[in-house]
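We call the chains A, B and C, going by the order they appear; numbering starts again at 1 in every chain.
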Amino acid sequence: MSRLTASLSLLVLASVLAACERRTAPMHDTATDDFGDTVVVATAPVRIVSLNPTTTELLYAIGAGARLVGRTSYDRIPAAVSAVPDLGPGLRPNVEAVLAARPDLVILYASEDNRDAARRLRAARVPTVAYKVDRIADFARVTLALGRITGDTAAARVTVDTVGRTLAGTLVRTAALPHPRVFWFLWESPLLAVGGGSFLSEMLKVAGALNVYDSLPEPSPSITFEDLVRRDPDIVLASATTRARMLADPRWRTLRAVRERRVLVFDTTIVNGPSARVGASAVALATLLHPDAFAP
Amino acid sequence: MTNARWLLIVLALVTAIVAGVTAGTLPLTPSEVLHGLLGNAAPMHIAVVRELRLPRVLLAALVGAGLGAAGAALQGATRNVLAEPYLLGVSGGAAMGAVIAVALGARGPLVPLAGFAGALGAVALTLLVARAAGGRGDARIVLMAGVVVGAFANAAIMVALAGADASVVRGALWWMMGSAADASWMAVRGLALYVAVGIAILLVLARAIDVLALGEDTAAGMGVDVARVTLGVYVAGALLTAGTVAAAGLVGFVGLLVPHLVRMTGARTHRSIISGAALAGAALVVVADLMARVAHPPAELPLGAITALLGVPFFLAHLRRLT
Amino acid sequence: MIAFDAVTVRYPHREHAALENVSLEASRGQLTAVVGPNGSGKSTLVRALVGRVALDSGAIRIDNVSVVHTARRAMATRVAVVTQREEPAFPLAVRQYIALGRYPHVGLWRGYSPDDVAAVDAAIALTQTSSLAGRTITELSGGEWQRVRLARAIAQGGEAIVLDEPTTFLDVGHEMAVFELLSRLARDGRAVLLVSHQLNLVARFADRMILLHEGRVAAAGSPTEVMQGSILERVYDWPLVITRDPAIGAPTLVPLRARPRG
């Protein structure tokens, strides 16, 4: 809990500090990305390829969406992104297809799988940065970094600000409420849960709930059914189709939460990673979990 | 096989089942387990024992029985102690069916059904290819046809997974590594009937397999319809295996290893080898599933990984025996 | 009892027929031997008899009933076959193996009746393999294994016994023992049909000989009739002479050394 509070405080602090900066021309500077590489971004980029759904959303949020010339097949939000050319997968991307879009900035997901692509793009003299936006703290950090790189520092600051305030506000409102113990279902075979390493777990905290698998450090750990029964969650979160299946399945009904029909629908496919919508999503989650306290 | 050895195998199976139901992530004393089974315990205990552990242990036992019996019969009929139930392209076909289903978005019971269909399709294709090559009665041609079909299936799996989403790949891989985690009473009932019929057919053919094991020409001279008996063993074995694959994915090495162990205890006729292998296979898979559940909590290891580990000492021992 | 009637067998993708228009008969109470060089079709004869290869034309009859019209198991109760090679994959006990010979009688289901047990015991006695009965077939020597196989065929019962090269890898003593046994089986009333490449041995024991050459019958008759220098030299394509061995007067083939090229 303290770690999350620290992240949120940092968020607010970062925006305050950024506000105190002297206003200068848009910074074309060196950026140190999540691979630990330092990249020089000469001028504000006008042809951006973003190979990660979360960074794509962030770019639109800070007003740089119009400069996108490439995205992955999984980028769906906002709707306008469908007009941007689909360059394939975000992991081990097709470097040739990316180069064919003649970008002056490429944003990769900082996974080991993409080291090779980063190297090749830089060898082709295309400024490439790799970021991992997995936790709420990453959202603030990367949004501000992207803002500096694209020259949209003000918009980035506003975005981070707004989301930070929403999250902080929601946390305050839920602090005094009883926290239900929640199991967030991810996948059936193998049985996967949202673990402590996922920003969804952070969102649960903000929304005033306890993730029964918060103690596991992975974002989507594999668990056994029996272990789940042992942890005895109060509420299960799942998609609508999964909920229907669970309520009818005798195995799932060994869970008290399923027997009591406390299976709530919250579609995780909407929230791929902590984008600018993470604030609104946290509020939605809090409303779902505490309908009385958050009545509209 | 002597009565003492039968007793030993049956005892091993019973012990394994008891251990499987007693142990698990939720710590329960044997008395709590018993009460859970009988129905006079806390609802959570009853649920865990009756809905989670018992069907799972029984499913594992049935999978082991099917694979053990199929492996024993196939080793006898092909006169090859390295034969195993996933011959004839069964594993490739099953995996292909399941992977394609997962890639197309299927979830739940559709995936095992697709695996089952894939397994049967592969066997049918293998026999057709063998017939086209002119040698349905020749074991080597049929086995080779199985290799061809298996190779095709593997290629198809790779293509299906190449462009697929990470979750699809994970789901497909999980299925291919085998697991009894999805056990339900419905699955147990279905598989029980299936395995019973399959093993019964193999036991009926057992004596013919004894004769067939002497050599195809010799068996022909002793009145065995070599082509028909071999085909019967292949089909019954493949059906049994396809059923276990639908229930628990790919669980390797059981069908290969268990008949050897049974023969080592002195079983000579295929009637005892096949029945012994069914019982011993059941015990083995129940134990492997138990290990899968408790080795690395709260995560679950894939069943096929545990049984694959068993393959290592087996092949080492076989190697030593050859030299 | 066993009659081949103008039998022709062609293997696919081969130019010459494996057997062409072959007719021969193996009668009860007689030891009939089929001889000939490698590739003359001897083994194909046996495979055709057990139905492992199909006939192009002609028929094989057991007591005038075509084998095509006889159920396999029924035929196996009347004709026992010992194939050229047998390498079992599993270590059966010798007695168990011999008992398998009763399969045509007991089938998939029946337990072994006292008649079956008696047949097994008789076979063991006849082949003098009682000392081997407790051992495993995989640990037998070549000669022992051959005798045990013979015991299995005898246990199978029936009025005919067909053997393909029964004395390969056997030393003199075992060879003679096997042939003595076969001769006795013939005298006891069975039809013994054997395929062998050992002309001299066969000539001493056979009542009838059939010489095959490239799938056709080159000569047929008593050993004396068939063991003619001119015929054999042509068939085996090697200089040889036929003599009578001094000990018992059986016709003997003696191959000559190749003449050095001048």
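The definition used in the following text is that a contact is a pair of C-beta atoms (placed from the backbone, for glycine too) under 8 Å apart; a residue touches a chain by one contact, two chains touch by 3 or more.
Small disclaimer: the values here were computed from a predicted structure and weren't measured.
J.: Relative to chain A, which chain has the most distant C-alpha mean position?
T.: C
J.: Which chain is the middle one, judged by CA centres?
T.: Ranked by how close its C-alpha centre lies to the overall one, first comes B.
J.: With chain centres defined as C-alpha means, what is the inter-centre distance between chain B and chain C in Å?
T.: 43
J.: Measuring centre to centre with CA averages, how many angstrom lie between chain A and chain C?
T.: 82
J.: Name the residues of chain A that each touch 2 or more other chains.
T.: There are none in chain A.
J.: Of all residues in chain B, which touch chain C in the complex?
T.: So the residues of chain B touching chain C come out as 75-76, 79-81, 134, 204-208, 210-211, 213-218, 220-226, 263, 268-269.
J.: Show me the residue ranges of chain C that touch chain B in the complex, using the header's touch definition.
T.: 12, 46-47, 50-52, 72-77, 79-83, 85-93, 96-97, 100-101, 103-104, 106-108, 156, 162
J.: Where on chain B is chain A touching in the complex?
T.: Residues 24-26, 43-44, 47-48, 51-53, 107-108, 111, 163, 165-167, 170-171, 174-175, 179, 181-182, 184-185, 293, 297-300.
J.: Which part of chain A faces chain B closely enough to touch in the complex?
T.: 74, 89, 91, 187-191, 216, 221-227, 229-230, 232, 245, 249-251, 253-254, 256
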